[in-house]
Amino acid sequence: MAIVVYKTSRVIVQGITGKEGRYHALACRDYGTKVVGGVTPGKGGSDVDGIPVFNTVEEAVQKTNPNVSLIFVPPPFAADAILEAVGSGIKIIVCITEGIPVLDMVKVKRVIEKEGIILIGPNCPGIITPDASKIGIMPGHIFKRGSIGIISRSGTLLYETADQISKVGLGQSTCLGIGGDPIVGTDYIFWLERFEQDPETEAIMIVGEIGGDAEEKAAEYIKAHVTKPVFAFVAGASAPKGRRMGHAGAIIMGKKGTVESKYNALKEAGVHIIENPGYIGETIYKTLKEKYHFSI
Amino acid sequence: MKLHEYQAKELMSQYEVPIPEGRVAYFPYDAWMVAMELGFPVVLKAQVLTGGRGKAGGVKIAKTADEARDIAQELFGKTLVTAQTGPQGVKVRKLLVEKVSSIKRELYFSITIDRTIGKPVVIASKRGGMSIEEVSELYPEDIIKIPIDPAVGFLPYQIRRLKYDLDLVEQEKEISRIVSNLYKLFMDKDCSLLEMNPLVVTDTNHLVALDAKIEIDDNAIFRRKEIAKMRDLTEYDPDELEARFAGLNFIKLDGDIGCMVNGAGLAMATMDVIKFAGGNPANFLDVGGEATPDTIAKGFEIITRDPKVKAIFINIFGGIVRCDKVANGILQALKTVEVKVPIVVRLTGMNKEEGMEMLKNSGLAFSVAQDIKEAAHMITQITKPKKEENQTTKETNKKEK
Amino acid sequence: MKLHEYQAKELMSQYEVPIPEGRVAYFPYDAWMVAMELGFPVVLKAQVLTGGRGKAGGVKIAKTADEARDIAQELFGKTLVTAQTGPQGVKVRKLLVEKVSSIKRELYFSITIDRTIGKPVVIASKRGGMSIEEVSELYPEDIIKIPIDPAVGFLPYQIRRLKYDLDLVEQEKEISRIVSNLYKLFMDKDCSLLEMNPLVVTDTNHLVALDAKIEIDDNAIFRRKEIAKMRDLTEYDPDELEARFAGLNFIKLDGDIGCMVNGAGLAMATMDVIKFAGGNPANFLDVGGEATPDTIAKGFEIITRDPKVKAIFINIFGGIVRCDKVANGILQALKTVEVKVPIVVRLTGMNKEEGMEMLKNSGLAFSVAQDIKEAAHMITQITKPKKEENQTTKETNKKEK
Amino acid sequence: MAIVVYKTSRVIVQGITGKEGRYHALACRDYGTKVVGGVTPGKGGSDVDGIPVFNTVEEAVQKTNPNVSLIFVPPPFAADAILEAVGSGIKIIVCITEGIPVLDMVKVKRVIEKEGIILIGPNCPGIITPDASKIGIMPGHIFKRGSIGIISRSGTLLYETADQISKVGLGQSTCLGIGGDPIVGTDYIFWLERFEQDPETEAIMIVGEIGGDAEEKAAEYIKAHVTKPVFAFVAGASAPKGRRMGHAGAIIMGKKGTVESKYNALKEAGVHIIENPGYIGETIYKTLKEKYHFSI
C-alpha cells in the first residue's frame, strides 16, 4: 500500500521549463512516476521531452487530470505557485523551492489550513514510494521497497538514513522530507498517523533536527496513538548553542528545541533513540530482529 | 538579518513609534557633540548585533559632554563578550547616544512568527527590562501571547486586551497606534522579530521604546531594498562572510577536524558522528546541492586557514550530483589549494565506485571510507592517535552483518 | 447604494483604471460645450440608476456639437422605462458625454460578494456587451468565476488565468494593474458590486472601461465619507425616501391594501397571506422593532397618500414591545393623521388582550382579528366585497381544531 | 435533549451595558437562562443587576466560564466583538446586531471557517430551547417545549411560526433564526443535521425567504440525509421582482432564488410545503396526525 503517493499518482511539474524543473521532471519520469504535464506561464503549448506544458495549473488540471503537483518555481513566485495548485483543486503539493519568505508561507499556511491540502515542503526533497513513484529530487537508486516509513526534516539526512536502511537489507514503504523551513505544510504527526494506518509499514523512522518543538509534539502523539516501533535520530547534538534564535523565538519554545529535550520526550513515548547517526541502519535491523522478532 | 538598535529605532520612528532623542556616534568627538546637543545626562549604547551588552559593559551613562567623550573613547574598539557571542566576543564600532528618559514602568513587547501555528504572535508583559526568557520562567502568568490571524490582522479587541492587561488605560490611544503601526511595520518589512524591551511609561505617562531590536527574514530581503541597504558587513565574521559570498554556509567552531558536507542536516549529523567517535569538529560547512571544483576549493581554503585543523572530513551524499564528478571536483580543487593535512573522504550515491577509485588512484593522501562511522573512526585515529576510541568502535565489526 | 456611471468611473479613474474621456452635462448647452471640447463623435448616456437604459433609448451618438445639444434636449426630463424600473420608469436628469471609443473586442468583468461562500468573487467573460445573465444562459462555458480568499487577496496566478482565458496576453500589464486596483477599490470602498460591461480592447490594443457600475454596501457608508457625498437623492422615490428618513422600510406596490407590519419577514408573509386571500397589497412596510406613535403615524401618512388604498392591514407581532403599548401608539397616531379607510388590526404577543380591548373600545372603525388568516379574510372582505373568497377561507373553520 | 443550547448553557452578553443589551440580558435571565457575565470595554468591575461586567471577553471567560456569547454591540464594532469571542475560546456565538458591513462579515466568516465555531446571526433573533434557555431577543412566552425544531431566516416570522405551532397544541424542541444578512454564520444544513440527530425533535419546520440559494441547498441535504418530516414556508411569493439584486449577484444564483425554484427543490426532497403562512400551525398539526400518525 505505502502512503499518499502510489504507482497511480499523476504528477504535474510547476516550473518544468527551468533547469532544475526539467531535470527532475525527467528523472522522476525515468524512475517510473507518471509525469502527465508541466506548467510554465508563457510556455503553454510547448513540451518538455514529450511532457505537455501549459500556461496555468487550471488548464493542466483540465487536460491531464493530475492529483499531485511538484513545484520548482523560484522563491519570489513559489507561494503563488502553491496557491495556484490549491486554487486549481490539487490536493497533494510537493514544493522543493528553498528560500521562500516566511510571510509568504504564513499566507499559504492560512489558506491550506481549511482546505484538506497535503503540502510537503517547502525546502524539502519530496516524497518517494520506492519502485512506485518518486516525486522529488532524491536519488531513486538508494531506496528499496520495504516496510520502514521515514519522516525527515532534512534532505541529505533522509538519503543517508534510507541508504543505511537499504544496506542492512531492509526497505522503505514511503519516505519523505517535511521541509526545513520555519513554516512547512505538514508536521510529523500528520505522517505518523498515516504510517500507523498503513499495513505495509511495520516500523517508522524519524529524522529530526534541533530547534522548534515538532519532535516533542510527535512524541506526545506517538505515546497516545502509535503502536508500531518508532526509531528516532535528532541531528545537532554537537551544534553550537544560541547562535540563531531571537529572544521572542526562544520564549515560544520555552525549554523545548534542544536535542536533550527531544530525546527525553521521545524516550518517554517509547521511541528507540539512535544517538549516533552512523548506526541508524544497524540499530533498526538489530532491534526489529531481536526485540520485535521480525523475520528479516 | 539583525538590525542595529539605531536602525530598528529609525524604522520604528518612520512608523510613528516614539523613541528617545538620539544620534549615532562613530568617533569620540561625535559623542561629545551629540551630548552637547541633547543635554544631560545621556546614555551611550554600544551598537553590536548581540543581546546582553548591558551586562557586558556596553551601556554607560554620562553626565557631561566630556564624560560622554571619555566613555566613548573607552567603548570604541572594545570587545564585548556575552552569552550569545561566544568567547571571541564582538567589537564595538558605533555608539548610539540618547537622552536619558525618566522611567515610571518598564514593559516588554514583541512580534515574531510562531512556527508551531504558522502565524505572527504578539508577546507582551508588564515585566519589561529583564530578559523575556527569565520572565517566562519566573512569572509565566505575566506573559501575554496574542496570535494574529493574517486574514484579518491585528484587531481592536486585541489592542483592548493589551490595554487592560498591561495597565495602559491612560495610554489607550498611544498603545493602539504603536501596536497597529508595529504590526504594519512587521508585515511591510518582512520582519522575523520586532522587540521593544523595555517599552517604558515615562513619568509624564507617555510610551517610549527605550530599546529596540529588529530582525529581517533573510529570504525576503530581495524585495526590501531599503532594508538591504542597512546591512552592516563589519559585524560579520570574515570567514563566514567569504563563505557566504561563494554560496557556502560556514560556521566556525573550536575543534580540530575540518568538515565539508553537502546538506545542512547531513553536516550537523557529520559533526555529531565525529563527536561520538571522540573527535572535535572545527567548523560547520554545507557546500550545498552541487559540489563544484570552485565551491570545494573555497571550502578547503577557508578550512585550512584555521591552524588548529589537523584533518579534513569530506562527506558527500551524491544525490543529484554524481560521485565521479564530485571526486573530480575534489582533485581539481586540490590543484589550486594546497592542503597539508590528511583528508578522509566518504562518498556515496550514484557512481560511487568510480569516484572512490579516482581518489585512491590520485596519488594524494586520501583515506577513503565506506560509510560515515568508518570515516569518523578514521579521522579520529588521525587527530587523536594515542587515545583509545570510545564505544562506537566496538560495534564497527557488526557493520558487515 | 448605487452610484451613477460617471461616479463609478470617477472612482475607477482614481484607481488608475482607464476610462473614456468625458464630462457630465446638466443642461443641453453643457453637452454642446463638452462635445466641442472632446471632438466628434460623442456618445450621450443618460445617468439613471437602472440597467437596460440602452434598449430604453437612453444612449445616443452625436456627430456634431449641435446634434449633441439636440439629443441632450430630447433626453433631459425623458422617462426611461426598463425591466428594472417598473412601469413608472425613471427620469433623466444628467448625461455623461464621452468621446466614442474604437472597439476591437468587448469583455465582461465584475467583482461582487458570493453569499454562498462568503467571499468576493471575480466574474469575467470574453462575451462583454450583453447582459451577463444572458451569457450565463447561452454560453455558460465562457464565464470565468474566481473566488478571492480575503486572507491573501487577488493573487498573481489568478491574474494569469484571466490573461490567458480572456486572451489578453498583449495587455498583461494593463489587465494586471486594472484587476489589482479594482480589487483594492472594491475592498477600500466597501463595494457590493463593481462591474465593467463592457471592458473593451480598443483598436490600438488598450483596455478601457466603457461602462461602469458600482454599488456600495449600505451598512458600510458610515465609514466611507467620500462615498456618502455621492448619494443622489433626486433618484429616490419621494415616499420611500420619506419613510427611510423616519426609520421605516417602505416599497410602493400597485395593489389596494395598505400594509403596516413589524419585521421584514413578517411583512413579506403578510403580503403573501393577502394574495392568497385574493387581495392585492399596495405596499411593503416594515415599521421595525419598535412601533412608536411617531413611526405608526408616519406609516399611516405615507400609506394613505396613495388614493388607490381601500383598507389598511396592521400586523404587529409584539416581540419586544408590549401590545398595549402598540395599541396606544396606533390610537395616538390616529389623532395626528386622518385615516378614512377601514383598518384591520392583528396584534399578538405580550399583553395582547389589553391591546385588543383598547382598540375595540376606542370608538374608531377597527376590525380586530385573532390571527393573520382571519385578518386577511377580513380585509379582502372589505376591498372585494362582491367576490367569493378563494380556497383559503374553506379552511378557516378548522382553526379552532 | 434539544440542540446546541440547554439548561446548562452559560451565557455572557457582549454590550451588556447598552440599552438593548441590558434589557435582553435581564429578559434572558428572567426566562431562566444562566447569564453569568457581561462585557463592555471600560465598564469592567461594575455590574448589571448583579451580573458582573468585564472589560474583555478573555477576562469574562477566565472568571465566569461561559460557553455561549450573546452580542448586542453596535454595527461598526460588532465584527470585532465576534472575533473577540472567537479569540477567547467561545464556541457558540449569537450575534443580534443588524447592519454589520458585509466585508466585515467576509473576514469573520474567513476566521470561523476553520475553528469549529457556531455563529448564529448576525441580524437574527437568537436561539431558544423552550423552558430551558433563551439566548436572544424573542418573546419567551409564545414558545412551548415540544417536538418541532424551527429554523428561520427572519425574526418576526420565527415568532409567528412558533406561535401558530404552540396554539395548535404542539411545541418546539429548539428554535432559531439563522440571520437575515447576506453572510451569516450557519446555514439550514448545519441545523438540519443537528435536528435529525436530536431524539427530542420529531419534525422540522423551515421558514425561508426569497433570494440566495440556501433553501435549494437545504433541499438537496434533506433529500440525502433527513428522515424526519420537514415542513417549509418561503416568504416573498408576492414580492416585486428585480428590485434588489445586481447583475453579478443574479448570475451567481443562476435561476435560483425565486419562491418557485425553492418550492420545487423542497417538494422534490419530500418536504411538505405550506404556501399560505396563515396555515402553518394547522397544516403541521394535521399532517403529523393524519399522515405520520402522531398521537397529539
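Labels A, B, C and D are assigned to the chains in the order they are written; within every chain, residues are numbered from 1.
The definition used in the following text is that contacts are C-beta pairs under 8 Å (C-beta built on N, C-alpha and C of every residue); 3 or more make two chains touch, one makes a residue touch a chain.
For clarity, every value in this text was computed on a predicted model and none was experimentally measured.
Chemist: Looking at B-D and B-C, which pair shares more C-beta contacts?
Modeler: B-D
Chemist: Compute the centre of every chain as the mean of its C-alpha atoms, then state which one is farthest from the centre of chain B.
Modeler: Result for the farthest chain: C.
Chemist: State, to the nearest whole Å, the distance from the C-alpha centre of chain B to the C-alpha centre of chain D.
Modeler: Those two chain centres are 54 Å apart.
Chemist: Could you please state the distance in Å, as a whole number, between where the Cα atoms of chain A are centred and where those of chain D are centred?
Modeler: 45
Chemist: Which integer distance in Å separates the CA centroid of chain B from that of chain C?
Modeler: 61
Chemist: Please tell me the distance, in whole Å, between the geometric centres of chain A and chain B computed from their C-alpha atoms.
Modeler: Averaging C-alpha atoms per chain gives centres 27 Å apart.
Chemist: Touching at least two other chains at once: which residues of chain C meet that condition?
Modeler: 149-151
Chemist: Would you pick out the residues of chain D that each touch at least 2 other chains?
Modeler: Residues 107, 110 of chain D touch two or more partner chains.
Chemist: Chain contact topology under the given definition, line, ring, star, complete or other?
Modeler: complete
Chemist: Write out the stretch or stretches of chain D touching chain A in their complex.
Modeler: 113-114
Chemist: Please give the residue numbers of chain C that touch chain A in the complex, ascending.
Modeler: Within the complex, chain C contacts chain A at residues 149, 151-152, 155-158, 160-161, 164.
Chemist: Touching residues of chain D toward chain B in the complex: what are they?
Modeler: Listed in rising order, the residues of chain D that touch chain B are 41, 44, 55-59, 77, 80-81, 83-84, 87, 107, 110-111.
Chemist: Under the stated contact criterion, what part of chain C meets chain B in this complex?
Modeler: 150-151
Chemist: Could you pull out which chain D residues touch chain C in their complex?
Modeler: By the definition above, chain D touches chain C via 23, 75-76, 99-107, 109-110, 125, 137-139, 141-142, 152-160, 163-164, 167-169, 180, 182-183, 207, 209-210, 212-213, 217, 233, 235-240, 242-243, 246-252, 254, 275-279, 282, 285-286.
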